[in-house]
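Have a look at the structure that comes next, please.
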Amino acid sequence: MTPTLRIQSAPFDPAQEAARIENGRRDIGAIVSFTGLCRDEDATLAALELEHYPGMAEAEIARVAAEALSRWPLQALTIIHRHGRILPGEKIVLVIAAARHRGEAFAAAEFLMDYLKTRAPFWKKEHRADGSVGDWVAPKAKDDAAAQRWRE
Amino acid sequence: MTPTLRIQSAPFDPAQEAARIENGRRDIGAIVSFTGLCRDEDATLAALELEHYPGMAEAEIARVAAEALSRWPLQALTIIHRHGRILPGEKIVLVIAAARHRGEAFAAAEFLMDYLKTRAPFWKKEHRADGSVGDWVAPKAKDDAAAQRWRE
Amino acid sequence: MKALYFAWVRERIGRAEEELSPPPEVGTVGELIAWLKTRDEGYALAFENAAVIRAAIDKAHARHDTAIAGAREIAFFPPMTGG
Amino acid sequence: MKALYFAWVRERIGRAEEELSPPPEVGTVGELIAWLKTRDEGYALAFENAAVIRAAIDKAHARHDTAIAGAREIAFFPPMTGG
């Protein structure tokens, strides 16, 4: 099974990606889809600028995908990560895992997100609604803890 | 927040349900979607017949949804469960959980599926490809174990 | 009291619902199952392994030691297999 | 060896990439950071808290004690915040 792995600046459509996975198959029992969105609760954010390391981002996502495929018997896997300017409400990352049983699909999707968060070379910078350039988003300690638990 | 809870014989469209949740919002950080499908790897299944207990199915799904909402700060929640005749490859159940952070959305979606499996009054009967009526699907011990872990 | 049967409990008993008037000494879900079991072969087969049978009173899960007093509707069914 | 800088490491140093020719006694990622740090104020600021700096050699994560011998491309960046 060859996973679908893409890094792109253009928006993506989770429904279209899920349809590519289903595509008339009768052997899939469970599909877990994760969508990460650009959040702006305080109306202070104009956009996020996602910088990435071209080449390494692709290589690292391929490594993380291979690790997931070695751990769980997945029937299909899609990972899409955007870079560039992303507006509040827009989607940043998509992971879809399909498996016979739900436990495998849930575990793989959550593992992939934990690993992407801490290993994929992307960095978020805030552009504020008042026109100023804000800070680089700080990493969260709980993201490291989330990734760590898969090593136990 | 009022969850969307539906029990229906008609097919559903996860993309349409996700769009209803997103709907121009800027405060959602994570959407986890689970789709359970009718699986037939051996080409021996003509259809599943899903019997349900009308009235109790709605009540039980509402109770399970309320329990999830009391445990995690969800921004949106959709649960759809089909009954009646379902063909291989068709979707049976959909859970979508939206939250600020991915951990909450993942946990709520997995909790809901574990609880729906063991508490929602639905029963699957197999109709075989050779025209015979097969068995009632047997419950899985691991489904009980999966539900049990949320009580610890 | 109205009784409902689902899935293979329904098939074995041969009906989906009926009115029940158990004698006053039948106080719990478990006692109602034991009483039903003596009615005929269908009930006996449906409830032969009483421990696996699930019940609901007025559309909420009930244990076998739950009292049936005041119940308007009681349902019996196998472990659920939805989702 | 080509060096790449990302996010605030890039901003503090003031460039995205450059060619580096460290002296032979610079053997590891950590030693390369220490050597770069002495170059000017921008590098000093970028690497002031060396412990948080992540590195990659030829597009794969590398630890600070990893040898740089044979590396064609080495990158320095803050902890990742994608996803």
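By letter and in written order, the chains are A, B, C and D; residue numbering begins at 1 in each of them.
Here is the rule we use: a contact is a pair of C-beta atoms (placed from the backbone, for glycine too) under 8 Å apart; a residue touches a chain by one contact, two chains touch by 3 or more.
What you see is a predicted model, and the numbers here were worked out from it, not measured in a lab.
Where contacts are defined as at the top, ignoring subunit A yields the following touching groups: B, C | D. Subunit B and subunit C, compared by their mean Cα positions, are separated by 26 Å.
Distance from the subunit A centre to the subunit B centre is 23 Å, each centre being the mean of its Cα atoms. Centre-to-centre separation of subunit B and subunit D, using mean CA positions: 48 Å.
Annotation for subunit D: no residues touch 2 or more other chains. Contacts with at least two other chains are made by residues 36, 113 of subunit B.
Screening every pair of chains for touch gives A-B, A-D, B-C.
Chain contact summary for the complex, subunit A toward subunit B: residues 14-15, 18, 22, 24-41, 43, 88-89, 100, 102-103, 105-106, 109-110, 113, 142, 146.
Taken together, the subunit A residues at the contact with subunit D in this complex read 36, 50-53, 55-56, 59-60, 63, 81, 92-93, 113, 116-125, 136-139, 143.
Residues 4, 6-8, 56, 59-61, 75, 77-83 of subunit D are the ones that touch subunit A when the two sit in their complex.
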